[in-house]
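Common to both upcoming complexes is chain A, partnered first by chain B, then by chain C.
Coming up: the complex of A and B.
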């Protein structure tokens, strides 16, 4: 080692100057990085303080893997209006609330650019009206009685495969709505073809839904898309039909430990929720557990809304003992059989949904959330359908798992007297029969869905409990059930 | 000045040593750290416990998780690992027979239960009944291996594509990601492709099909370094229960090439990919003790007791001398000229291979001294025979009713691997649309698949046959 020569004053000055330049450059770089991070933050959801707003518009983490860039989502109805039955996403049964940018069930999260994903609210928020001229009342936690999810999937696929879905065309459509900055515009030009590819792939994986009876509003095939999307199974030789109604999601605390899902395939509320979140587009690594937890905690004690129309209390009181005798043992909280599965031979309802869920699927689900303490371990293959508690049953029409019986009054009729055909998707309430009005084919240009009970998966047979009651008894028990 | 230099050098050395030690520790922790895997119940140990097959042949856990989703086209049908016949219990992370052991990183190997777990159902709507230590008649081990080889041969088996799939499932730490990217993914690919090469001889021979394996050629051509030949050893997986009826020098394996159960454990584990130093000998003793006493499951359907009682007379006269425990010929090797069944499995094993094993070839330096060359097939006790279909060593006869028919009347073509039970013929349903959909087309004219021989009982009257079959259900 040797001693250094002392520096000259010029050298010292030069060094100082160099140091200042370096510091300035670093400061500028940090500022740019901070700006870029702020502007294109890899993960920043839009939050809502109000829990119901969070349920309707908050994120559960479906955007990073399956989100659609915000502006693409916005301009698709502009570019392809002919692929929608009416104006905008609302024509697919999505609920648009005044003053809201997106329909209920869509959340926004910035993942480089804002992306739009689905949340719990999309399938579990519905509307009800007293009559054709009254305003719809939006009710969170009830089945999405008007939502045509299958047609939404079809719309996305149809847009993606359309030759007009090009970078230039989409950018032009976006320019008609907003001005993108240069960086964002560049990102969008990359994102458009990627989005298109992803939507086409989703359409291919789900193409089997087109070989089956239509879901119509308020229904979804839960576990067949699961096979295709989560496990990439070919559906070529799988002709099962799992189409069934969306359930209500309120009042979860007393449901813990019950056999959940229509066929009772899972007894863990937590696992059922994480499974449903997969359906909305999260993956085990992108799920936003904190934001989901907010919803889960709230739903534990969030109660079904009370029946808002008049109730004949005297008649309801007469119905009480009839209900206790004929319904309570399977449907009351605390009853012996509630939340257990009634074997298919006994319940006698359409078996397709049951058969669509297989032992093989159940065991493969054990790999979902692998590596986490909440890895799935509660899925089971069952042999029937679960006895559900009937809280808020007035809002859960049409009835039976496949939504094949429009009203409670029809359900109390033997299956040959239940309607062979009816319309779903109308939200005007039928106070006399308890359910939604089901004999109106169209309103204001919007065609309702003609439900044909002769199609596979749509049978209205089975669950004959109460069908032998006298007309007076039926009136009474119906009146009582409005109070549940 | 000098002291300063020395101090600096000393400091440098300390820093280097600390960094080196830290790196060494991390490497040990991430690659070699053994986390013991012990299950309190012996059944769980059998189903999910390690037999030492993870150290070398174990696959990195996250690769196992994503492969079925990435390459479903290489599996026989939708259903992930279930589609090759692996038995999967509700609630369990991995199918029975796949183990998850941490040796630095989580690795997945196989164990005894991979081949020795069966399912049966009374009707196609039922959930499978799972029976441990039964022949895995529905398990297609060859399809499992070929799936892995096909994945490894695909251009998408690369770090980018596999990590993209893993990212869907979990958030790997930076270190684990580097490990997977630069070590585990490329190394797994190389190892699988090498194994594919080593197993190339299987591609020119008849398929094993479900429930069968070529048990000794892999070792013969591999570690025992015997010359390549064109032998076909395809034969059924056996049941493992009730070993006490097979103890004390009785013939083990179809041709009785072994007489020591301990050695069977060891050579089977090595065949599953275990390495010598990883063999858990204590666990083997525990499993052995369990298998010595484990009784086969009772026939689950109704039995016509008076008919069975009549059949017991027929059994005593026709079958007992070779198949009843304690009888003179039970557990001995019946010469091939006498039994006259397909001789391929017998001819697969050679004196040279036995010598090689016994003299410790391929690093097998156990006191393996009981390998031998025989001239026939063993006559095994018939415990739990109802669940050991199809019959004969090569599984060439689907049901007991067929086995009691003369050769010309036995089915020439049938489907195996379907697990719905055939109560009338005793065996699994082996024809019809459902069996054909999930089963393996078994052609008895294919090399090694002959259904000839073992003619005892074929000349009985219809009545005696009925009685005998009814009695056999009780075993």
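Coming up: the complex of A and C.
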């Protein structure tokens, strides 16, 4: 239709001006949005090109749901030093590498503010020293032999319930370390009480761990926290003890199809990995599959480091046939029984870890990731413990699933001759007995964990294979096993 | 004491005025919308003739509808307007008062163009809008220049045919001719822009056209701004013509046949220096609304006037260059021009005190003074002088409310203090222009 209402030149110019104003407003809004997105992008992890760095410091998606705001994480040791056994997070056995802002196993992801979460590296990176005066060597993929995860949880809870954990106090502690911009400061003032509540809630859910023997360094109760955190089950009537050693994670390709976890409850490497990621704090909706996949792919063929100390080759050669005769059928890749479960009444080791994993739990685990193609389906209740391949076994001390036998040499002794008490958490290597030095109670003011095999779940009995060998045969097979 | 110089006749080449007081050009929206004059206009002019002024310089009389400032101003765009203006002249002459028609074209300074002009831009020397109201304009083509030059000539002829006593070209205060003269406004690249000579070309062509129409024996004066001070309000603008420029223009104007020079100030209207005095923003808030659709900055101005919180912004800009003096603000410039021309020089700018006027004339600053606002306040100012008083009992306060109200209300003195706070009395007085006693 013809427009019979022309515009005056003033109206034309004002409309042009209005358009420009609208465009300017849009540009400003877009710029603000872009800035906010850039500054507070709800999902931006720190990435690392090097795969080992990624393993130690990269994100697998644990931060959005369970991450602690970066500066709160940083200032908690400043505010509550008395709640730690020593200086900083390192006193809980976390590995601090020179030039790194956070300990191994902690990743950072921007979720409005930077948040700190756990990754695979936290439980699967350890240290070893040749002697007390040598520098620790950080070994990726080995069990986190010094990590006191239980005490870390206790520290977080203790901080959160402390009346000094207030917005003003935390902000003051943060101000001593950095200057937050006004927006970030506002977000932090909101985040501090939320973090506090979340940590208290986590402490409540995990309070059952205080009714069981301490985990100590290098151990974790894998599936009981799983029940409490993932499924929100009341632990009131569950007195099971699932405490066991961290495993090594190298060489995963040949493990596919084996019965994984100490009790062999799952035969899928992929499911086992995703399940372990849940333990680090990811959720089915926050899991970062791409970054997890990067680790998984790398671990398929990532080999255990070779034994770095001297080996008596002649002695080892003598041990080879003994090993083949007594050990290989259960522990060599390709052997008939490797990766299968030996029933509990046959293996005879401490049953607590086996019993802590229930049929109900397996059923519920198989409901996880419902709606996704990778929904769990391989969890099963078993009746014993799985026969593990022994690659890099020299770094996997103490031995048995519950870490109740300090050295391989001790493991070749009958149960009653194995140490009833020893110390865990020391990373100086015992070349003679293959394992970590376990008779030192303290070093440099740091008290090691006294392991009492008489406590429930801590029994060192069972797995009597090789215990009847002569001392010379034991020496020989021990020498051979350094090469595995 | 000798004869009072104020009451000595002023002899121009073609006109003699009985005294030295001229009613300066000031209008009011008294006429029909289409520019046909009304009795109110006659009543208005009669007030001053009766009051004793020697001559009245008419309101801004547009030579074309496109060149108007506001609707309801009587125009001289066509011969059919001659009878009305004859009636005005006749009425004024009853009081032995002369009537000089100010021929005007607002150019881009078209405050309210009216419905006839809704869809055209104002004509100007430039395409650039003014910094105050943002009134849009377009640079005139040479054909348009030729047309407007002839419109001025035709208008002058009509004034003479109407029996009026002379014409004045409104070449100051930011109206069209000033838009050509001012180096602060004129950005043309052709023979009408650039040098002072080129910028004056438009004025001189008009003068030539006027003389051609009215002959050499008709009073013809030109009103110019002595100084443009084009950046007095908008500090980012160029400063425009200087006094030296205007002296040169005056010489050229005299040479072109002007019988007198009328000196004013500023390349915009209003201008912080002209009319000197206050800018009553509270009153502007009531009257400026009608100008909102006119310009691209006028809504901004309205907000500045309307909201007291914003007023300091405008107040700062308006008053930042203003001098303290009001009465005789242009006297020095008039004197400088007078020294360089031989024709009589009139000057406007706050004159109200008889002794001061006497001093200015007798000491050679000017030959006569043109007064608007003090005469709006006291129509019989000349009679007051004649009675021996130096100043009226209730003088003009230079509040400028009359000019702010002129945009939308009947012209008159809106200074309530002059009516002892009696608003009804004030309105009755203002309304006498429609119903004279």
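Just so we're on the same page, the second predicted complex is superposed on the first by the 480 of 484 C-alpha atoms of A that agree within 3 Å, B and C clash if a C-alpha of one lies under 4 Å from a C-alpha of the other, contacts with A are read in each partner's own complex, and residues count from 1 in each chain.
In the analysis below, a contact is a pair of C-beta atoms (placed from the backbone, for glycine too) under 8 Å apart; a residue touches a chain by one contact, two chains touch by 3 or more.
Predicted, not measured: the structure shown is a model, and the values here were computed from it.
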item	value
Clash or fit, chain B versus chain C on superposed chain A	fit
Chain B versus chain C as contact partner of A:14, first or second or both or neither	second
Chain B versus chain C as contact partner of A:237, first or second or both or neither	first
Touched partner set for A:366, first chain B, second chain C, both or neither	first
Partner chain(s) touched by A:381 [first = chain B, second = chain C, both, neither]	first
Touching partner for A:80 - first (chain B), second (chain C), both, neither	neither
Between chain B and chain C, more extensive residue contact with chain A	B
Touching partner for A:284 - first (chain B), second (chain C), both, neither	first
Touched partner set for A:298, first chain B, second chain C, both or neither	neither
Touching partner for A:6 - first (chain B), second (chain C), both, neither	second
CA minimum distance (chain B, chain C), superposed complexes, angstrom	26
On chain A, positions contacted by chain B and by chain C	none
Touching residues on chain A, where the partner in the complex is chain C	6, 8-11, 13-14, 17
Chain C to chain A touching residues, read off their complex	118-121, 134, 136, 293-296
Sites on chain A touched by chain B in the complex	1, 65, 227, 230-235, 237-238, 283-285, 359-360, 362-364, 366-367, 369-372, 375, 377-381, 383
Contact set on chain B toward chain A in their complex	1, 4-5, 61-62, 65, 68-70, 72-73, 77-83, 88-95, 125, 127-128, 167-171
